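Note that chain A is present in both complexes that follow, paired respectively with chain B and with chain C.
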Partner chain A sequence: MRWGLDDVTVRLGGRVAIIGVTLPVEPASVTVVVGGDGAGKSTCLRALVGLVGVEEGSVRRPSKSKIGYVPATAGLYADLTVDENVAFSATAYGLSGAELKGRAGRILGLVGLDGVRDRLGGQLSGGMQRKLAVGMALVHSPELLVLDEPTTGVDPVSRAELWRLISRAGAEGTAVVVATTYVNEAARGSAAMLLEEGRVLISGAPEGIVGEVPGTLGRVRGVSQPTAMSWRRGADWRVWAPTGDLPPGVTRVDPDLEDAAVIAALASEMAVSS
Partner chain B sequence: MTGSLARALGVSMRFGSFTAVDSVSLAVDKGEVVGLLGANGAGKTTVIRLLLGLLRPSGGTVRLFEAPPTVGTRRRVGYVPQSLGLYTDLTVAENWHFTSAAFGSPRQGLPAGIESHADELVGALPLGTQRRVAFAVALAHRPELLVLDEPTSGVGPLGRARLWQDIRQAAEAGAGVLVTTHNMEEAEECDRLLIMVDGVVASAGTVAEVIAGRSVVEVRCDDWDAAFVALDAAGFSVQAHGRTLRVAASSQDVTALLAHEGIASRSRSVPANLEEAFVAVVTAGSVS
Partner chain C sequence: MWAMVTKEFRQLRRDRRTLAMMIVLPVLLLVVFGDAASFSVKEIPTIVVGPRAELVAPLLHAPFQVVAVDVDGTESTAKQRLLVGAAVVGVVTRDSGVLVLLDGTQVFSVQTAESALARNARTPGEAGFTAAAVRVQILYNPSLTTSWVMVPGLAGLILVFIGTLITSLGVVRERQSGTLEQLAVMPFRPWDVIIGKIVPYLMVAALDLAVIIVVGMAVFHVPFVGNVATFLLGAALFLLVTLGMGVLISTVSQNQGQAIQLAFMILLPQVLLSGLIFPVASMAAGVRWISYVLPLTYFIRISRGVMLKGTPISALWQPIGLLAVLAVGVLGLAILRFRRDLAPNLRGTAEQGAGLLEGANP
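Showing the complex of A and B:
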């Protein structure tokens, strides 16, 4: 493990925010941390970049000047122009002169904001603001890029643009960590981790996660008696048999990441209640 | 389209010289879940406000329960905004009884799904539970039409599955459901979709119909990072899914570029997913 969290527990205001979380983060890869609001995603990311102390476990991170971090809110200055925002970020990381100019120009091209360099940050659309914030975090070519929910509330076109930037950073050698509430975004990276109530439910390569779902999963049009082991997917039902066989009339299906996530959460609930 | 709960026929809405909604037609029938999709500013909220009679259309016809919308017909609608509209400093039971009273519904016990939280303050509950409460409260007066704004955003996978179970149950009991969202996971839960671009319905139908034979090129290679950078730098619309790349372009163009860059790869055409279809619809719509 080059960077990451090793068996980390963080307590915030007397409450355990994350417990025993191991999150390996490798160069030239994108790691996706998935969970609902309050699951502990931001705490993992903040522990990784050093914004919160850990109670137990250890954290490996590069020096501060080699980290790029974008929090879930803001990440830019509304009353500075696009150009000024990038220049401010670059200056803060010790860039100046021709190097600053060159890097800033390249970043604005990469994030597709060359055309609006004089516009105030606060006047950009939500999607453009997120792209600018990612650009600002990339301007000093960090070894570790940490993005907290860059795509939340963003329309699909901007979302695709943001993922293009994220993958590009990974493809160019950066170790990237992205938090999201959208389970389908877990497939975007080379590794994913699903968090719920501060605990890791599942982690690993996306193809491994769907390949290692326990039990048998099925699909059926209607169920007469919904059980704790069944849930809706569109007009259909999913039925999960943790051990034995599926009930008659239920067609076996291969789980996708969303199914895997629901099953992991169900299994964890069963373990807690038993 | 007779018997629709809510219906718009060639409806337009102009604010000064700006046309927010342009000749939009849609219907929500009993028992179905319809998704209204579009980027921010595409006109989704304006359509909802028109359907509920909160705005008077500049042109076209709006029918709510087969009549022009009025305060009376609006009582038959349940609405859950993204902000949920609950009182966070009241308990679950207080929220429930207050809303029931406001709609003039007879006093009734809490539904099973939220009963165990009756005495807890709404503000202290996890978001997924808050959303279930908001949904239950919106159902308290047995509305015939439900309007939900991103009903499961920010909720974990199991919480989401349970919310959709509630929504489907309401539809199966006969309600029509209109979901506005730009979250493709929610869109895939709907029976039918309408995609709005710049005030116009740019595509409509089931998920399969919206995807409608669109395809992308799937690229697999050992050197995914080099391939990604090469395609992206050349201006291709490329997305990575792990080490597999998906490119909205012709197979020949992709293969030619990668061969020119000396990157060994295997490419094939695969069906687009809903997100890719949405991007294609929106990109084409905003060009025209």
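Showing the complex of A and C:
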């Protein structure tokens, strides 16, 4: 493991926020941390960048000058222009002169904000603000890029553009970690980790996660819930049979990441209750 | 409607600061206006010098409070005592008559003293002097111009305003927008952030101070007879205290509303109890103690002393020393608290089993 968390437990205000979390973050990869509100995603990321101390386990991170971090909040100065925001970030990371200008220009082109360089950060749309924040975190070509929910509350077009930026950073060799509440976004990464109540439910490469789903998954159309282990998915019901035997009338389907996440949660509940 | 009332009370109960302000503020105002807000001075520190000092001193009744009697003293002795602020009234007795020196920077004390002297003049003969033999001389501010004493004080008030309110708002804005968290991850040392955050406000406040003094001198003809360096030293120390309070407020405020509330609670007593408007000497003993912990009280002593009287630094060691202590204490505490926000991974990392492989570069 190059960077990441190794069996980390974090306690915040007496409450355990994450427990025994291992999150490997490799260079030239995008790791997606998925979970609902309060699952511990932000705590994982904050522990990774050193914003919270860990109670147990160890953290591997590069020096501060090689980290790019965008918190879940804005991550930019609303009363500075786009140009000034990028310049601040670049200067903070030790860039100056022609190098600063060159990098800032390239980043603004990359995030598609070249045409609004004189606009105040606060006057940008939500999607543009997030793109600017990601651009600011990328301006110094960090080794580790940590993004806390960059796509939450962002329109679909901007979300696609953000993911294009994130994938590009990964492809250029950066170790990227992205937290998100959207399960379908896990498929965009090279590795995913699903968190619930501070614990890791499942982790690994997306295809590996899907391939290792226990039991059998089926699909059936109907009004009422067919079994206790079933959930709505569009017009259909998904039915999960932990033992592998699907009820009659249920068609077998291959699970995707969303199904895998629900099944992992159900399996975890079963393990707790048994 | 009842639902609204219940909701409002519940919210109010959670908002402890507003509740505190609603309760503390009326009490403070009551105390101040009931007890402290008085222009009539009850005690005026008086020094009596000259060959007949021992004869004259017992004849001085309230409001004169004789703090020293010096038979060998001369007019210059008395002036020196007034210059360093040891007394407001200097009575110089001579064989030929009495010279009463008054410290014109203490406008209300002087007005009270003048009317007391006028009363005394109606009962002449005491101590063998006729009223005609009593000569009164007001020093430093002969025409008792209010603006002369207000400008040095207002300079302090404006420094409090910028230092405390504007600084706290600036830091809280950073916290509220979440950028403070980002700064903590950037390759800044906590000192870089703290100093980088404070210096612009320090510079603006210094510029403001210069403007106030220059405008005061040009428009209101306020004199500046003392040493500029002494004044600057006092102003710098005072500014550090106010900036420290600003940062301190920001570390205990989650949003700008809370910061304004707290800054207001710190500003108000300084306006009312520092001697800016009401003389400290006229306050009741209990209230006077509050004024003694307010930094503006000491800055006003320095600024009025240096600007109007030319008080030397040797006579101002007490307010300068106290401001220095306050500066170190308040700014130190503020920086410690602010640092905790900027280097949170240093907090509580001593737990067993916690390992941090920062900067590992295999």
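We adopt the following convention: the second predicted complex is superposed on the first by the 268 of 274 C-alpha atoms of A that agree within 3 Å, B and C clash if a C-alpha of one lies under 4 Å from a C-alpha of the other, contacts with A are read in each partner's own complex, and residues count from 1 in each chain.
The rule is short, and it goes like this: contacts are C-beta pairs under 8 Å (C-beta built on N, C-alpha and C of every residue); 3 or more make two chains touch, one makes a residue touch a chain.
Model, not experiment: these values are computed from the prediction.
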Overlay on chain A: chain C relative to chain B, clash or fit: fit
Greater residue coverage of chain A in the superposed arrangement, chain B or chain C: B
Which of chain B and chain C A:Gly50 touches, first, second, both or neither: second
First (chain B), second (chain C), both or neither touched by A:Pro150: neither
Partner chain in contact with A:Pro255 - chain B first, chain C second, else both or neither: neither
Partner chain in contact with A:Pro71 - chain B first, chain C second, else both or neither: second
Touched partner set for A:Leu194, first chain B, second chain C, both or neither: first
Which superposed partner A:Val59 touches (first chain B, second chain C, both, neither): second
Inter-chain angle, chain B to chain C through the CA centre of chain A, in degrees rounded to a multiple of 10: 100
Minimal inter-chain CA distance - chain C and chain B, angstrom: 8
Of chain C, residues touching chain A in the complex: 177-179, 181-182, 184-188, 344-349, 351, 353-362
Contacting residues of chain A [partner chain C, same complex]: 2, 49-65, 67, 69-78, 89, 92-94
List of chain B residues in touch with chain A within their complex: 38-40, 126-128, 153-162, 164-165, 168, 182-185, 188-191, 224-226, 228-229, 232, 237-243, 275, 278-279, 282-283
Footprint of chain B on chain A - complex, ascending: 28, 30, 35-39, 125-126, 152-160, 163-164, 167-168, 170-173, 181-184, 187-190, 194, 196, 205-207, 226, 231-235, 258, 261-262, 264-266, 269
